[in-house]
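This report refers to the structure that appears directly beneath it.
Chain naming follows the written order as A, B, C and D, and within any one chain the residues start at number 1.
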Amino acid sequence: MNATERATAAYTIVETSVHPRNHLAFLSQREVDGLIYHSDQGLYPLIRSCALAVLNSGLDSDDSLALFSQFSDFNLSFERHPRGLKLTLHNAPAHAFVDGDLIETVHDHLFTVLRDLIHVRQLQSNPGKPEGLQATNLVFQILRNAKVLESSRELACIVCWGGHSVNQEEYEYSKAVGRELGLRLFDICTGCGPGAMKGPMRGALYAHRRQGHTGRFIGISEPGIIAAEPPNGVVSDLVILPDIEKRLEAFVRIAHGIVIFPGGPGTFEELLYLVAILSDPRNSHDPLPVILTGPKSAEGLLNAYMDFIKLTLGPTTCERLEVIIDDPVRVAKRLTAAREHVRAHRMQVKDAYYYNWTLTIPQSLQAAFEPTHATMTALNLDLDQPKEQLAVALRCLFSGIVAGNVKPDVRQQIEVHGPFIVHGESTIIDAIDALLAQLISQKRMKIHGGYEPCYQLQSRQ
Amino acid sequence: MNATERATAAYTIVETSVHPRNHLAFLSQREVDGLIYHSDQGLYPLIRSCALAVLNSGLDSDDSLALFSQFSDFNLSFERHPRGLKLTLHNAPAHAFVDGDLIETVHDHLFTVLRDLIHVRQLQSNPGKPEGLQATNLVFQILRNAKVLESSRELACIVCWGGHSVNQEEYEYSKAVGRELGLRLFDICTGCGPGAMKGPMRGALYAHRRQGHTGRFIGISEPGIIAAEPPNGVVSDLVILPDIEKRLEAFVRIAHGIVIFPGGPGTFEELLYLVAILSDPRNSHDPLPVILTGPKSAEGLLNAYMDFIKLTLGPTTCERLEVIIDDPVRVAKRLTAAREHVRAHRMQVKDAYYYNWTLTIPQSLQAAFEPTHATMTALNLDLDQPKEQLAVALRCLFSGIVAGNVKPDVRQQIEVHGPFIVHGESTIIDAIDALLAQLISQKRMKIHGGYEPCYQLQSRQ
Amino acid sequence: MNATERATAAYTIVETSVHPRNHLAFLSQREVDGLIYHSDQGLYPLIRSCALAVLNSGLDSDDSLALFSQFSDFNLSFERHPRGLKLTLHNAPAHAFVDGDLIETVHDHLFTVLRDLIHVRQLQSNPGKPEGLQATNLVFQILRNAKVLESSRELACIVCWGGHSVNQEEYEYSKAVGRELGLRLFDICTGCGPGAMKGPMRGALYAHRRQGHTGRFIGISEPGIIAAEPPNGVVSDLVILPDIEKRLEAFVRIAHGIVIFPGGPGTFEELLYLVAILSDPRNSHDPLPVILTGPKSAEGLLNAYMDFIKLTLGPTTCERLEVIIDDPVRVAKRLTAAREHVRAHRMQVKDAYYYNWTLTIPQSLQAAFEPTHATMTALNLDLDQPKEQLAVALRCLFSGIVAGNVKPDVRQQIEVHGPFIVHGESTIIDAIDALLAQLISQKRMKIHGGYEPCYQLQSRQ
Amino acid sequence: MNATERATAAYTIVETSVHPRNHLAFLSQREVDGLIYHSDQGLYPLIRSCALAVLNSGLDSDDSLALFSQFSDFNLSFERHPRGLKLTLHNAPAHAFVDGDLIETVHDHLFTVLRDLIHVRQLQSNPGKPEGLQATNLVFQILRNAKVLESSRELACIVCWGGHSVNQEEYEYSKAVGRELGLRLFDICTGCGPGAMKGPMRGALYAHRRQGHTGRFIGISEPGIIAAEPPNGVVSDLVILPDIEKRLEAFVRIAHGIVIFPGGPGTFEELLYLVAILSDPRNSHDPLPVILTGPKSAEGLLNAYMDFIKLTLGPTTCERLEVIIDDPVRVAKRLTAAREHVRAHRMQVKDAYYYNWTLTIPQSLQAAFEPTHATMTALNLDLDQPKEQLAVALRCLFSGIVAGNVKPDVRQQIEVHGPFIVHGESTIIDAIDALLAQLISQKRMKIHGGYEPCYQLQSRQ
């Protein structure tokens, strides 16, 4: 019986108590009271769902959500204690424990959830969504408080994006890239979950051990995503940002290099977010390296990504991206070389090594996009506009498609009103169509069974 | 030529740059800008004077203020830097450096000043002095941020109070007490400066070394006091509270035991602050141990302290205090034993080990007392009132006398209007008179030259 | 291009210099001179071959020996240096380096080779092979000097034996066992190489990370074996014992539990070594747990092991062994429980936790067995003898078969004189025949191509 | 009651058990048996007397020997234990304990005694005193095993010599020098005891704390001296060399600089040992800095030292020494500057940073000098000989005078046969006479009461 099988059996531990360590061990009376009396009504459900997610960390499952439904009677209660706080778990998943004790990193992640959710509430005491520098500051304060800005090695954070559900070959390839990055003492930062988010960390863990180095494996998540992508077993530093836009901003401001592995529409949405930033003329001098890479078998998909960007946003934008096929050593060497350019640039503009303040993120990217039939149809997909605006629109499009594929409430709208209608210039619509066709044929839109599109593309004359 | 002599010569280092480490290395753009552009008008002078104080740390001088006047052209400037912040010192005292490099703890204290002053501004963004639980929370947040609540050993913080200008015998005695406390792995917390604030730390430093222990030497100060009592050379953790009342509250809430050495009116004011708390019926169950101790030669003074308290506040109050003469081992053993009562009490009332939340501090003690001829005369020094109120009034009286002795603006008032007139019931007035007479005769009111009283006592019929 | 492919290409680094750290950084003049001037004629070739092996550590290869032949021009030279010693490598394998720098653990292993080989020479200054307590002392001194007796957790060393060339399923199973052991904070000790020697370490590395634990991965080798089984990439602590018998003694004296995975004749030889010790009446009270385990598909082989032992040495001997099929959690829980018996036993007989002094190893097991046609034919394989003696003889038999399969000089003898002739009682000969037949059919005698037996079995009447 | 007073009362702890940590926790059966069964007859008395000395460490006493006589019923016994060894102390001095537990460094020193005494026995298994390179190797091996060659900072070891019984001014001065050395991160190495052996360590301890540095305080002793000079409370690393000559050799080979404070004939003997080495032509290129320093009041004595050397060994020898009066900062700056010459020299001759192998120590200095009437009279004190030989003879002379002053067996000889008769050329005899007269008048020959010379000086024509 392996770990996954045990999990599926949904054994639970009826009751167990844990105490925070370090930072969280020092709560004020007010903070403890807030937890005990659920004085913040919206907070408890968030804590519960994030806590359940981290109690399932390390589990390889295609369908975490189904898994979670088995733990419907899970809950937590809080108590004041001389060592700060006592947290009692009721009906927690048994696989988070070894012989009755919580696994250490699960224990840490549990208090990470409290730390970040409480901290965000304190920072956002005044209502209204922060934007611009205010949002950038909020992201900074959360990362600083999570201590992920501190590293034993400066300029070492490589962000890796890619599918959470990839085949064995792509998984092994992502491990090989992680190994070469780890041998060069890079830290790895991903979106927390399995697949291409786990592979680079596993590879780097082994490589760091060979180098006698204790590196960091930062997982950046947010409350809506963590349940679907609970932390893999290698994540050493978990951070929970308040929403998707802050999470994406955290990735790009903390990164000293970005590696993109093959993935489905979600990965492509992330790539478009990045492209929208890089194509902004105000960022033309920032040397952040971005590498698209995969094994030989993924060459077609990565080329399709690039073709799409060339057709819609032009070849100049493509120059900010580099494609490397089947060569983990080259990926790692390129990032090692680029690191010196990043250092020189930060030095020149006096920007911090640990946070890319000077990168401009368009406010339209910082704002949330709510996909509805109306907003999807309203997207401006014409070539005749600044390319960073087009990039933002394209990112919204793919964001809507992801939501239409997986988010329950959006799926329901589509069942009622039919697929989203998307208008655009024919060049763009054709490019979208070609890319989506490839994603469908490669089973990257839906893993099991046939795919029923949630969108309908219409070219404008 | 010893360190003091070099200092007196007032050599300065024309210009030198330093960078923060750890926490302060991760400032937000907004925080850095605030420093660079002096956007907060009141902040810079505070930073400058506290910084100058810590640059004089480790110096033994009876008259720091005179010393500081030599560094009138000292200032600091700030610059953004990839490693967070660059701080440039102009005309800093040479004795803070060794062969051109800042002494490490001075370097740390320098950024402690920035940390605490900036942090307090952020916490107190809304105007108005905090009181009650709000003040208690503020003190907690400052101490937590300064990481002084974390210790390698719980329930180990002994607060030591006493004169900053004591004779050699009393200094050696305070070292001996520190040695015995250190052998039992207690941390020492004092008001930062020389004399009885330094002795226990020196003794414990040696003892910790013998025990292979790295203990902590916490210095708690505030902007108005630090210049007169710069950190001695042993202080490992400096914290700067925003004012005198918060500083006193920090002492009593962080303490697991308090030792009071002989001192002048300032020390006695601190003792009265403590007595005012302990005589509050709401604190009758709190087992905080308080020990008055000194060498044989100080027996008279310590008995005078006790006599005064018995005469004014009654024998019950005295039971909360213990006098131990010339026996450092017994002091340490008593605190070791009392530690278990503190532990049991905190466990029972579920209060934190690291911060005494349940101790009640009367709001009149949290509010500042402004000594003027009017407020001094208005003090109610009658026996016919709750003794905790009388204790507060007596504490205000001694606070006023200290100010009348040393604070330039108060002294000027007295020169113009004559001494403060203090009314009270004859029992109390006589007790005050007796104690002050002894302080005067022992040169504890004024070290050099004859003492001219700043007060005039009048018994009521 | 992955790591293995790069290695096959046999790129080398022409010249590079390295310095020792820690212990080896403090050599005496005499020790340095011994290295520089090759004053010890037999030492240099040993150093060279072991050094070449560790420079190939982390490489997955079925045929290390073929690989090594590519580095025939590899050598090392030594020089005195203010930091103790300078070691220059000539034509070292490129895969030991990352961007020109030696991988840290390879660097460490390189100086481990020097440490152990020099130390053994110093300890064995008087000629003659040590035996009995003298051998036990020698093994102890080598392990102590290698600091592998020190652990962050006492009684935590699990020795894992098994094939170096196993199929994917068995490899994954050994990882799963390692993961469960690692979650319970056990250290792993193996024979250094790939396959079942690597799997448990990989699994435990991941599990230790999850537990926030830095565990140890001890690889125990000897000069004749290390070239065929260079340290895998997870080994953190390498020790090189002087010969096979000392290596086996090191395993059993350092172990607090032993896990045996499926393997070929070499693994079975190790099992017989252990059985010969456990069947000695003097060891009947020692509670050392021994578990044979593997996935479902290996059940047949493990049962064949047990059948053989039952037929030849009797059912009582089998009681010292436990077979667990396809249940890593159960393996780990059994070892956790057995640990308390080991603790109680050591406490009772006042034996050290870190080294099993009281276990008796028959002198015949401490002496080397030289397989020749004469010694193989002379083996006494009759039932009518103490079973520990029969166990020793059977161990010699399998040792001879392993040598006849792979050792060049032994193979040559067999080509000249034909297979070894082995006599024995029919019960025993039949049991041997049955077991070897299964090993042959499972391709565990020879991985590629058909197997030509190096032995001929003859039953006595 | 201070620590010394408690000691004098000679309270003892009837029985207590302790366990080794680290290295000594891993003893072989043979080593443990050797301790349990006192198999080495000469070893136990040495262990007992050194153990008693370290149990008195940290005690300030002019007369340790008298103190020790109070603990005549102290002894130790040994037992095998799962954690290696159990050591039981019977009637140990109470002042080594705090509330029943051994002070940590005392605990460490106790096992240091075992470590060094056992190790030396193992190294010197063949009889006969080692000489020349063999002695140098032995000293090296003892220091390496004691881990005192390893430092967090290379080339940082300053050896301080001086009187164990100095006045307050000289003690404070030695503290001031230690403080300045400590601020520059130098380690301090002395002969273990009080006075000028303790002052520099106390000063550096405080300074290291100010620099956030954990430096080392090495005490080098030998079985015959440790009882008279038990480790002061700051010694962090104790090493016990087998005899006086090895102890002196350890000092000069480990030193990167030597500071000599004022002292009596013992200190002057050490200075002559050093001068005998430095005046050897083979050492003319070694840049080891030697500084004689003291407060203003010691200027006369230090000049007398120098005058004596100039008169007997010539001005060239004096050039190897530097006198600095009343300027701790200058002492520290000189040693900082000299450190670079030491580094350059070691680099050039490829000598180790951690041990001065290339310094030549004349064999006559490595051999023990046994002071008797015959050997004292036989000393050649003529100018007409190589000055390094004369230096050796003068060192023997002062060694004899020290013995005649304090060693019981030598004093008895003198009572029987009268004072030693010393012959020599008049220039030399006059110089000796002048220096001794000054030592007598300054009470440095005998602290209390009048001094009765143990020698009689006779000029040859």
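Some observations on this one:
Note that contacts are C-beta pairs under 8 Å (C-beta built on N, C-alpha and C of every residue); 3 or more make two chains touch, one makes a residue touch a chain.
This one's a predicted model, so the numbers in the text were calculated from it and none came from an experiment.
Interface repeat of B-D: among A-C, C-D or A-B, over half of the contact pairs recur, by residue number, only in A-C. If you average the CA atoms of chain A and of chain C, the two centres end up 44 Å from each other.
Once the centre of each chain is set as its mean CA position, chain A and chain D turn out to be 64 Å apart.
Taking each chain's centre as the mean of its C-alpha atoms, chain C lies 48 Å from chain D.
The residues of chain B never reach two or more other chains; the list is empty. Taken as a contact graph, the chains are arranged in a single closed ring, with each chain touching exactly two others.
Remark: chain B residues 1-3, 6, 58, 98-99, 103-106, 108, 176, 179, 183-184, 202, 205-206, 209-213, 233-234, 236, 326-329, 333, 336 touch chain D in the complex.
Of all residues in chain A, those touching chain B in their complex are 22, 25-26, 28-30, 79-84, 133, 137, 140-141, 144, 149-150, 154, 343, 346-347, 350-355, 357.
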